[in-house]
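Shared between the two complexes below is chain A, which pairs with chain B and chain C, respectively.
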Partner chain A sequence: MNSEKNRIECINITKSFKVRGGAFSRPVTLKALDKVQIAVGKSETTGIAGESGCGKSTLGRIISALLTADSGELLFDGRPLSTLSKPEFASFRRKTQMIFQDPYSSLNPRMRIGDIIAEPFVIAGDKGATSPGSTVEKLMEKVGLSPDQKHRFPHQFSGGQRQRIGIARALAANPEIIVADEPVSSLDISVQAQILNLLQEMKREFDLSMVMISHDLSVLRHICDSMSIMYLGAIVETGKSGDIFDGFMHPYTEVLIAAIPGIRKREVKKPLLKGEIPSPLRIPEGCRFHTRCSYAGQICGKLEPLLEEKRPGHFVACHLSDSIFG
Partner chain B sequence: MRQSLLSISNLRISLGSRAGKIAAVNGISLDLDKKSTLALVGESGSGKSMTALSVMRLLPSTGLIESGEILFEGEDIVKLHEESMCEIRGSRIAMIFQDPMTSLNPVLKIGDQLSEPLRLHRKMSRKDALEKSVQLMKMVGIQSAENRIYDYSHQLSGGMRQRVMIAMAISCEPALIMADEPTTALDVTIQAEIMELLDALKKSSGMGMLLITHDFGIVAENSEHTAVMYAGRIVETAPTRMLLEKPCHPYTKALMMSLPQNSEPGKPLFALPGRPPDNSMPITGCPFHPRCGERLPECGTKHPAIVEKEPGHLVSCWKHS
Partner chain C sequence: MSYKDSYFHAVFWRQFKANPLAVAGGALVVILFAVSLLAPFIARHSPDTINAWHVLAPPSWEHWFGTDELGRDVFSRVVYGARISLKVGFVAVGIAVVIGTAVGLVSGYYNGLTDGALMRIVDIMLCFPAFFLILAVITFLEPSIWYIMLVIGLTGWMGVARLVRAETMSIREMDYIMASRCIGCSDGRIILRHILPNVLSPVLVSATLGVAGAILTESALSFLGIGVQPPTPSWGNILTSGKDYIEFAWWLSFFPGLSILVTVLAYNLLGEGIRDALDPKVEKR
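Then we have the complex of A and B:
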């Protein structure tokens, strides 16, 4: 990967958490991310998809430096984060902003929304941010809120409006990178369309690079340039979104895409998964997907497949992808 | 006239609040036959969950059925005594809720929860009910059910919990099942499995299903008929295929156009401007007219009547009258 064009690059990121099984049991290690590689190009939108518990939110938090990785390196404009000086790190923090899934719990219920949006300015030392005609009001207008509403509290807004507040707050810091964790999954269809359009507009206007985390592949297909599919803490397929959607080469991606209920009549029967998702505490040996894969062969239970470039820019971690999808 | 399984006519439900009465459901009528699925689609606040709850007579304490009738197997549920309702609820009509985490009792073992309706409605002994519970759990695809009956709900995954909910709902072989967003809290892969399971159960037992959802994909794959709700009213209803291929009401069209699947990647999505109306205010004219792109002069003054565009395809819109 060409690191000059990439705003953010993750190299072999590994992250585990200690969890306790019960009150008296010894803590066990949950491997949330296993040697994850991902790159976010300048002015690009990258999607991360997968089922709940696959580690996509953990990855989002590592990219925005809310969590630190156990090992591996996060490069920002080609420079490892660990080598940045304190002020440089602070500026990285400011340049990377997050938008959260739940617009109900991610806004402080006791703050007026003008103050919520102004907080990044206040932190930066600009006390007059909420005054009339100020940047806060301009931002509110930009995301489709009326500036007279700045004295209201979050509970006085609907879900879609709250998500707009979250977006305005993220933009207030004048970021270069936005990490959006399921920004539309709790919204109604028509509101979802409004928010997706707003994100697209803002991305163009502020020349943002974006990481979009979602379990909804049709949303990712719509707004992402590239996407990565995660399963149990590892990326199993990554490439341009069109390539993945129309020419997937991993059995898990096939299952995910086939599972999207479609409006048009479907001729082929959905391939369903076998069994339940294994516990992340006991990730299967060999290919982590082989226990549920309908194509699995002998080798799959023994040897872990690595991400290989099967087509230009299209990486797949599957021993059998050539024979299945070739 | 042939008797349908569930027939709702002119149902009005109000919800009391500090601001006064809110018309949550505003005169809806619908019919559901045995062995078929009617999908109720709409955005939050459109009244679809209230409709389902009223059929179970489980409206919140502030909710009130103002008028209309709900005929279930020919009997008007609205007029039933609470005692007779208790006999129907869970036995002849069952409900599957959206969130299996909050709708299962966390301090009861799965087996005991599953046994409860069987012991209550079928007067089974504890032992027989537990045996039947194991059978039911196997039927909905839960492995090692013999051990799982001793688990608590927090020990199960989201998909498993929803399977338990379904097992509980079908335990007394109801004639009607109401599924309120049964898969919204689940991953797509599990969603596909759950919908397939519900479909198989419907075919084998001949029950009817009222499926509440906001996902047109689910509607397309799992229902025979669809009714679209907006601001407490049904604005369009038709056989599902017909509705998806030739939607007539501007609201239905707008919803379908705003799906990412229906637009070119990277292009802006069609976004419906504005918000649904505030139900506490009286609405003059068509409730959708302030957001409608095909508005006519009469839309703001009179409520449109329901017209039959094609056999079975009803729409409430001035453009089609």
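Then we have the complex of A and C:
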């Protein structure tokens, strides 16, 4: 991972939350992210995949500086975020925009959509952003909305249209990086494709780097250049999309790929996944996946595997990957 | 083009119209407003004109609500009393709503120490029985309608503060707040532009109900003689003077009492109507 080409790089990011069970119980620590490394190249799309609760959204929020990591460093164009001055940080924040999963809670219900899209301009000091023929109207057209809808309120739009509004708002801040947190998972299948295509177009047009967070590998395989698979707060496999789809080397990735409907590139040998995902409050000793892994051997419950470069640019954290997939 | 397609028109108004009690309450409130604005035209006599020949006259065509012990027209006094009630109700509640909303927004948005400190102040304020606090303060100050409004307002903001705090805490977690942080909104802008408009509807309900409470408190204070001072007419002090003659001049206590009842009822019905119309869970169709 050389940092010249990378727009954003996460180095050993760790984040935990204190969780209180009840009024009288002692707070417990939930380790949401455990030494996560990830790099997003210039004008590239990076996918982050994993089950619910594996920390993908937390990672997304750390990348967009909505949360701060407990330890580790976030590099932006090779510069650590902690060394940025206040105005530099403010400009970094504007350069990283998020697109949210739930299009119903991501738009202020009391604001007209013209004002929602114009807000980044207004904050930047451009007051006339909503006037006819202005940037806001151009943006609306670009994302497939009609500019004369700018006086409407969010509740008058469908989920797909609302997601377009969210995309327009993100673009209005003139970003370099877009973090899309499950941008299509609450939309109808037919609308999902439209929104993914729109994101692709916008990425090309504005030369954006993108982080796509999804639990659905079929969404990621179409648009990501590289991807990382997360399990219980750690990355278990990372590499180029093609390498991961055609040559996955982690049992968990195998499970996720086997779960994509209609794709059977390799024969599925065993019933792949045992039981439920363990509570992130009690992450298993050794390999965090061994409790559910159908290949797990002796060593897996004792020693935690580290990410190793098995092939150029393809990192896997599994003791047995060579013997299983080799 | 579609300015009228707002949330207000689409949901609120349809719900509100479907509730006859709410509409009745709203209509009564409008009538009360009209009466107090047009008092000089509605009252057929001056509320202060003394007529020694018509002392304690029963209701008649000339004096609709009769006359009092000084021969003053009770109808005129009640009509002018509506002005006082309205003024007290709105100014006192206005003070309470402004303080309560500000405290609630700050407390709900910045949790932690700020929240803890502000909520303890609320708890302390709630420990005092409000009416006796008002009584004690008013007896120290000279009785004036402005003091009454101020004191009612300053002792009535805690409910609003708690309401706004709870609402703020839930809205703070919405994605659109996250989004506005992403685009670079300052905390102040987030609170004023994104949170405040979304907490206003429960505040509106509690303010409407609060007006009824404030009017009741003012009447009670005036009844006890430390509120609005005679000869300025207020429903409370008309009631007081009426209680000495209640055996043979019932109209003196009946009409101001009825006015208080109807007004408080009207604001309560209106408030509950607004609440039901704003609550998506009560939607009937």
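Heads up, the rule we're going with is that the second predicted complex is superposed on the first by the 317 of 326 C-alpha atoms of A that agree within 3 Å, B and C clash if a C-alpha of one lies under 4 Å from a C-alpha of the other, contacts with A are read in each partner's own complex, and residues count from 1 in each chain.
The rule is simple: a residue touches a chain if its C-beta (ideal position, glycine included) is under 8 Å from a C-beta of that chain, and two chains touch if they have at least 3 such contacts.
The shown structure was predicted, so the numbers you read here are calculated from the model rather than taken from an experiment.
Annotation: superposed three-chain arrangement on chain A; chain B versus chain C shows no clash, the two fitting side by side.
When the two structures are aligned on the shared chain, A:Thr96 is found in touch with chain C, with no touch to chain B.
Legend: residue contacts after superposition of the two complexes on their common chain; A:Arg221 is shown touching chain B, with no touch to chain C. Of the two partner chains placed by superposition, only chain B is touched by A:Leu256; chain C is not. In the overlay built on the shared chain, the residue A:Leu196 is in contact with chain B alone; chain C does not reach it. In the superposition on chain A, contact is made by A:Leu273 with chain B only, not with chain C. Comparing chain B with chain C, more residues of chain A are touched by B.
Of the two partner chains placed by superposition, A:Lys240 touches none, neither chain B nor chain C. In the superposition on chain A, contact is made by A:His151 with chain C only, not with chain B.
Once the two complexes are overlaid on the shared chain, A:Lys35 sits clear of chain B and of chain C alike. Fitting both structures onto chain A leaves chain B and chain C with a minimum C-alpha separation of 7 Å. When both complexes are aligned on chain A by C-alpha atoms, no chain A residue touches chain B in the first and chain C in the second.
The part of chain C that touches chain A in the complex is made up of residues 1-3, 5-7, 10, 174-176, 178-185, 189, 193-194, 197-198. Partner chain B is touched in their complex by these residues of chain A: 51-52, 158-160, 188-194, 196-197, 200-201, 215-219, 221-223, 241-242, 255-256, 258-266, 270, 272-273, 275-277.
Interface residues of chain A, counted against chain C in their complex, comprise 61, 64, 66, 90, 93-94, 96-98, 100-102, 105-111, 119-120, 123-124, 148, 151-153, 155-156, 166, 169-170, 172-173. Contact residues on chain B toward chain A in their complex (touch as defined above): 43-44, 143, 157-160, 187-193, 195-196, 214-218, 220-222, 244, 254-256, 258-263, 265-266, 268-272, 275.
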